[in-house]
Structures are given as structure tokens and as C-alpha cells.
């Protein structure tokens, strides 16, 4: 079979497997991993009205994976009556971050400006991260809606990392590294992350050296977190399709090797 | 169904058509994507940088020092003229120099120092021997030997480096395995959009 | 002069940025912040230069009759976004944001989703147990793939445990060494740049 | 000699900055410490590293020969250019979407580009270089122009083939995918900082049967390149490769310095391990 036909076959196989699995949709119970547990317990034990900063450091393209994660974490924070300051270090994360925050805030009857605020986007993330160590107001004189940041009641008494218990970086790339290396190393700010599954391994060293407090990773992390919150969201829904796709990839790897060894033996025999 | 969902659905299908082969529909979607994304970036940078960081403070707060970066920025346009294009090197030099200056301590701290000290794990913990400590130290040092360039990979260096490549392969395999999950999630997200919002097959 | 001025600027700003890292003095911080501000402003201008070059290339392509319809599509998209932003602003509910959410974002997400298919074709082709190294790569990938699905947990508790172990020890050891190496490589390159030994960016004279 | 002059300038800069700073000290009486004690280990380590680098530069400059080990994949560079020439096809070179010009990896990639461009100019092979960053575009144009000039074929430099596409990650990926499937380059170089676009590009390249040489400092994307490309330069190899190909003495001496530091790091780790076994309460190696 030529190269292109093989590709089409592999591609259609994947499409069929995922679509079929998504249509069937059985729900799974997932045991939380230690990293997810650590994140959950941190938020769970924070005193009421503690200020947490959510940074939406991702692009629009990873929304499918980011959304369930971000929603689970935001719901937890709102449920426990924490105050949330949102922002974005990726232009594309801005509108998404705002939407996700207002959506969850509405579920818990939270008020903009009092219980949460969205500061918007700053390019050149390093200077933004460092700047907020000195003064959040100076980096964000206005919030996303154009109101002076000072006017928001949530901001009274809050102006630098000293007043923030945790930065939650929701990321699909290396932005969290900069939170760790600049806010963490320079200002001693605790940082945790909600990451796409692809990014998990690259943050392992930071996690084990405790530069990064905790990680909730991928659709699976979202499903685990939803479980802990005893809620059903996008994380749990995609898990069957996820498993099916994984099994399909494993089947491909195995088939590839069977074909390879058969061909080699045949060639060797001649 | 609202018009936004229809547009989004059709564009999604147009991009997926690339999987069959390159075709005019994909090519059109690609051009549209390129154009929109450049236009989007223009707007965002105009607002967040030129207005918020430059023109705003310059005129409302009279921070005249900002004329310097303004001039440096304008120098970038000298690229369009052959005779003065060397002027654009000045702002580039500033960016490169400042970037390099930040990089030295930041890279050394986070990439090198921190990783070096985290590689040290106690071999004995709570009275029991930990094989993991040995695995990590052997892994780090043998992989470093793989990156040792001063000597050909023969003899002892060669054997150690070979061991290092095995550790590298474990890392690549594990990363690949992890990443598959993430990549599938994005696709599942698109499937969810197509089946739920666009085609209404799932409620 | 054409090389000396850039080299000097590179050196001065390099040294300032290097030195400020070690200081928590207010002056150091304010110097640092203003340089970063300048940096952002210059960067925005480079984007405009890039866009100008893009438009120039597209217009030249159109005048030569090469891919004309596609080039026009790109240019229309490029102009559309700023026009929408000027007319309706960029806040929630504006046509600008509508275009972002219903055209740009779904297309980007779909290009990203193509990766799932490419992961599939790469898995089929790339993991052949040809050598010892390739076999280790293959076996690790298979274990992690299995260990990360909920079904594997139901069959055996060992899978997730083995996955965690691989990830936390041997895999991390290799990653650490890669990071150490990259840190050193970056440091020496940056140092050469500051000292003016590395002048790639000044090429062409 | 010029190096010493530069070092002198450097020290003057240091002294003058220190001078300005101490002069303003009286004004800023209330502010934080001049030297942040938390950064002391990094400062010491930086200074040791800088000394080692300077020593290596001196060592190589003073005429001592220094050879670096063979890097698989580098030989393939010639093969890749040769193949494109034979097939009358082109070469596509991408620095990835993740980096900007000040990133050391991008600079290393530029050095390799200069060697590749020298060969393509010699053989009159088309070199396509799409980028997401206008500054990278500008610098790459200069690099290729110079290589064409060095090869004695200034007329073979085509500025239009080194161009800026979108700064958006997947806009860039979609565009480069389009270019790959339309131009069908015989060889593809993926050298620089990559993020998720890595496999989109590498698999599309594979589908048209190109030879692919990749190299990056992005650890995750390395896994994809290893699986999908013919040759992959892993992390630091990319930096070493840029010295190997260009034969640039100063890069080679940096490689030497990196090797010396790596030995020191290994010794540090082993010593600390043994120390930890003897005295479990000690933590002097933690920064």
C-alpha cells in the first residue's frame, strides 16, 4: 500500500473511533493523582476571602482541553468564597478567560468587582509578571472592561504578590515557567498550574523541586478534579473517547511493528 | 442555530479537509486564517502596547523619555530602504543585548543550578535504601556524558553516553505517551463542537 | 560606526540586564522595568514592519498573477480585523470579538486538532523496534499510553504506578540533564552575544 | 586582541554603572538591598561559568586545537542539500514558532542557516524560509545574503523566499503546511524553538517524502522529532552543531567551556550524594 493510502486509512480509523466513542459516552470514575489532590486540598483549606490569581496563559486553540480544567478550578474557588483576580498573558486567552470567569461567577452568584475582577491582557509577559511583584495597579491601571482597577472593591488592600495566596496559571505552553522563574524565584509567590496533558512532563522537574506547588493536568486531571468536587463536566465526558483514542494509537504502534517484523523476516528469508 | 456556529462549523470542516489532501477549500481557509490572525495581532498590539504603554503615558502623563523607544521602534522601518537599513540594527541590538543579559542568570538558575541541586536525592530515607536516588543520579550523569562533546563516544565515555541515550529514549517515550492524551483532547474538543453545536447529534 | 554602535548598545543593555538580576534595590528594578517597557514598544513596531513586508509581498504576488484569489483573501482578512475594531471596539459583544470567536479561534483550534491525526500516523511509522534504543522508546511509550487511560486502572493498579515511576525518576533524570545542557548552551551563546563575538544579527556588510 | 579590548570595555561599563548606582544611593536610602542575598549562589555560579568561558576562548585562541565529537545528523546536512539539488527541488528551513531573535537557540539556528545557505547558493538550490517573527526575517535575509556573497553568487539571493507569515502559532503552522504540500521540498530543516506546531510540520513533511533534519531546545517537541524526522539534534547538540558546521572558533570554545562545567556539575552531584548519605541532615546543595 502506498504512503498516502496508509495515511488515509489511519486518519479515517481515528475519526471513526473517536466519533463513535463520543456518541456512546459512558462515564468513568477516576482516582485523583497526588498532584491533583494537592491542588484540591490547597484551595479547599484556604480561608474565605483569600485572593487567588488566575492567569489564562493559553491560546484559543487549546480551549477544548483548557476549558474543563479552568472551569473545575474556578468553580472550586468560587464555591469556597475565594476572591479571584483574572488576567491573561496570551492575547488569545483574554476573551476566553473573561468568558469562563463570568460564566462560573454567575453559577455562584458572584459579583464583578467585588468577588472577582478580570484585568485583561499584557504582552511581554516577563515584564508583566515582574511588574506585578511591585504593583498590580501599575501593570493594569484599568481592568478588561476599562474601569480603573482601583475602583474595584476586591482590589482594596491588594497590590502585589504579598497579598495573593496563589497564582493559578492555566497554560498550554511555557508561560507557567515564567511565573515560576520570575514571580516564584524573585518574589516567593506560590504558583500552581492547570496544564494541557502534553505539558505535564516538562513541568515535572519544577514540581518535584517544589518550585511549582501543584499541577492539574489535561482532560484527565479535569475529570479527577470534577470527581473531587462531585460535579460532572467536560472532563468526565471526554474520557471514553480519550481511552478509545489511546487504545487506537497503541493498536497502531503494535500493528506497525508486526508489519515491520514480518517484512524483515520475509526479506531475511530471501 | 446562530450564524456564528454555522461559520465556525464550515471553517472547521474546511481545515480538516487538509487531511485528505491539499485542496482549494483548505487553501482558502488557510489564507483567511493567516489574514485574520495578522489583523488580530495588529489590533491587540496597537491597543496594549502602542496606546497603553507608549502614546498614553507619553501624552497624558508627559513621560517624554518614551520618545526614545518610539524613535528606536521607528528605526525598524529603515529596513525598507537599502541605504539606511543599518539603522534597524540599533533596536535589534537593544533587544538582543537585553535578552541575552536576562538570559544568563535566569537560564543558569532555573535550567542549570536548580536542576543540578534537585538531582541530589538522599539514598537512605527513613532507614530504607532508595533505588530511585541512584536511578536519578546515574540518569543525569550518563545523559550529561551523552552531551559531552570534547571526546568521541568510545571506551568508558562511550559506554556511559550509550546509557545516557537509553535514558533519553525513556524520556522521549514517556513524553510522547503523555502528549498523545493532550492531542487527542483537542480533537475530541472539535468533535464535541461538530456533533453538539453544529450538527446537534448530542444534546 | 554601522557595527560599533549596535555592538556597544548590545553590550551596555546586556550588562545592565545581567547586573540587575542580582539586586533588589529600587533603582535596579525601575531600570529593569523601563528597559522591558522599551523592549515591548520596539517589539510592537517590529510587528508592524513584518505586516508591512507581508502586504508588500502579497501585493507583488497579486501583480504577478500568482495565487491572486488567495492573496486577496488574506489581505481582506488582515484589513477586516482592524476595521471591525475601529467601528465596534474590541469588548465583549463587538464584531471584532465575534470574528475572533467564530472564525479565528475555531480555525486555529482545528489546525491544532490536526495533530491528533499526525500523532496517529507518526505512531504507526515511528515506533519500530529496530535497535535497543528504539525498543526502549517503544516500550516506554506503550507503558505510559496504557497507564494513562482509566481502563488500565480497572485492569491493574500497577500500570498507573509504573507510569508515575517512569515519569518521576528515569524520564525526569534525562530531562534534567537536557535542561542543564540547554542552560549552559544558552548561557555561553548569550555571553558571546554580549561580548560582541557573536554577531549573527549584524550580518550582511 | 579585540577580545581583551571588549573585556576592558565591559569592565568600564561595570564600573560606571556601579558608580552611577552608588552616587544615587544617598537619594534612595529607603529601598531594598543592592545585592539580593537569594541570588548569591546564581551570582557565584555565573561568575565561575563566565571565567571558564573566557578561559576556553583564550585557550582556543592561543592556537590549541580543539575537536568536538561527531554529531550524527550533521553529515546529513550535505546529503539533504545534495538531494534537493539532484531532484531539482527546493529546501525548506523553519526556525519554529516558539523563538524570537534574542533566544540563544534562534541564534544557533541562524549559524546553521548560514552554512546551509552557503551550500544552496553553490548548487543554486532554492531555499524557502518562512518565519513568524519579522526581526528573524530581517536577520535571516542578511545571513543568507552574506552566504550567497561568500559563495560568489550574490545574484542567487532571493529576498522574497525569506518571508514573514502570521505571528499566530497555528496560522503559521497552516501556512507552512500549505507551502510544504505545494512546493514539495526535497529536504526540510526544522531548527529552532518549536511548540505544538512541530509534529504538524514534521508529519506533513514526511507525507511528501522529504528528508527531515530537526533540532530544538523544546524538550517535549524533541520526542516528536525523534519519532517523525530522519535526524534530530537534541538540545545542546544544536548549539554544538552550529559551531561544528561553521567551524567558528568562538562557538567551539564555548562548547569546550560547557564540557568543563558539565564535569564540575557531575562532581557536585556525586559529592552531594555521598555527603547526604553520611550526614542526612545536611542540605548545603539546595539553592
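Each chain carries a letter (A, B, C and D) given by its place in the written order, and its residues are counted from 1.
Everything below uses one rule, namely that a residue touches a chain if its C-beta (ideal position, glycine included) is under 8 Å from a C-beta of that chain, and two chains touch if they have at least 3 such contacts.
These figures come from a predicted structure and were not determined experimentally.
**Q** Which chain has its C-alpha centroid at the greatest distance from the C-alpha centroid of chain A?
**A** Relative to chain A, the chain whose C-alpha centre sits farthest away is D.
**Q** Name the chain pair with more contacting C-beta pairs, choosing from B-C and A-D.
**A** Comparing B-C with A-D, the pair joined by more C-beta contacts is B-C.
**Q** In angstrom, rounded to a whole number, how far apart do the mean CA points of chain B and chain C lie?
**A** 3
**Q** Quick one: report the Å distance separating chain A from chain D, using the average Cα coordinate of each chain.
**A** Each chain reduced to its C-alpha mean, chain A and chain D end up 30 Å apart.
**Q** I'd like the Å distance between the centres of chain B and chain D, where a centre is the mean of that chain's Cα atoms.
**A** Whole-Å distance between the two chain centres: 15.
**Q** Can you tell me which residues of chain B touch two or more of the remaining chains?
**A** 15, 18-19, 21, 27, 29-30, 33-34, 36-38, 40-41, 45, 49, 76, 79, 92, 95-96, 98-100, 102-110, 112, 114-119, 137, 140-141, 144, 147, 168, 171-176, 178-181, 183-184, 186-187, 189-190, 193
**Q** Would you please write down the residue numbers of chain A that are in contact with two or more other chains?
**A** Correct list: 4, 7, 11, 14, 18, 59, 61-64, 123-124, 126, 185, 197-199, 201-202, 205, 208, 220, 242, 245-246, 249.
**Q** On chain C, where are the residues touching two or more other chains?
**A** In chain C, residues 11-12, 15-16, 18-19, 21-22, 29, 36-37, 39-40, 43-44, 46-47, 49, 51, 53-54, 100-101, 104, 107-109, 111-117, 119, 121, 123, 125, 127, 137-138, 141-142, 145, 148, 167-168, 171-172, 175-176, 178-182, 184, 186-187, 189-191, 193-194, 201-202 touch at least two other chains, as defined above.
**Q** How would one label the connectivity among the chains shown: line, ring, star, complete, or other?
**A** Looks like everything touches everything, fully connected.
**Q** Going by the contact rule set out above, which residues of chain B touch chain A in the complex?
**A** On the chain B side, the touching residues are 19-21, 40-41, 44-45, 48-49, 102, 106, 109-110, 114-115, 117-118, 171, 174-175, 178-193, 195, 201-202.
**Q** Hey, which residues of chain D end up touching chain A in the complex?
**A** That would be residues 38, 98, 169-170, 195-196, 207, 209, 219-220 of chain D.
**Q** Hey, which residues of chain D end up touching chain C in the complex?
**A** 3, 6-7, 9-10, 13-14, 17, 21, 24, 28, 31-36, 39-40, 42-43, 46, 49-50, 53, 57, 101, 103-105, 107-108, 110-111, 114, 133-135, 137-139, 141-143, 145-146, 160, 163-165, 167-171, 173-174, 196, 199-200, 202-204, 206-207, 217, 219, 222, 224, 226-228, 234-236, 238-240, 250-251, 254-255, 257-258, 261-262, 265
**Q** Going by the contact rule at the top, pick out the chain B residues touching chain C in the complex.
**A** 4-5, 7-9, 11-12, 15-16, 18-19, 27-43, 45-47, 49-50, 53-54, 65-66, 68-70, 72-74, 76-77, 79-80, 86, 89-108, 110-112, 115-116, 118-119, 132, 135-141, 143-144, 146-147, 164-181, 183-184, 186-187, 189-190, 193
**Q** In the complex of these two chains, what residues of chain A are touching chain C?
**A** For chain A paired with chain C, touching residues are 6-7, 10-11, 13-14, 18, 28-31, 33, 59-64, 92, 95-96, 98-99, 123-124, 126-127, 130-131, 134, 145-146, 197, 201-202, 204-205, 208, 220, 239, 242-243, 245-250, 252-253, 255-257, 260-261.
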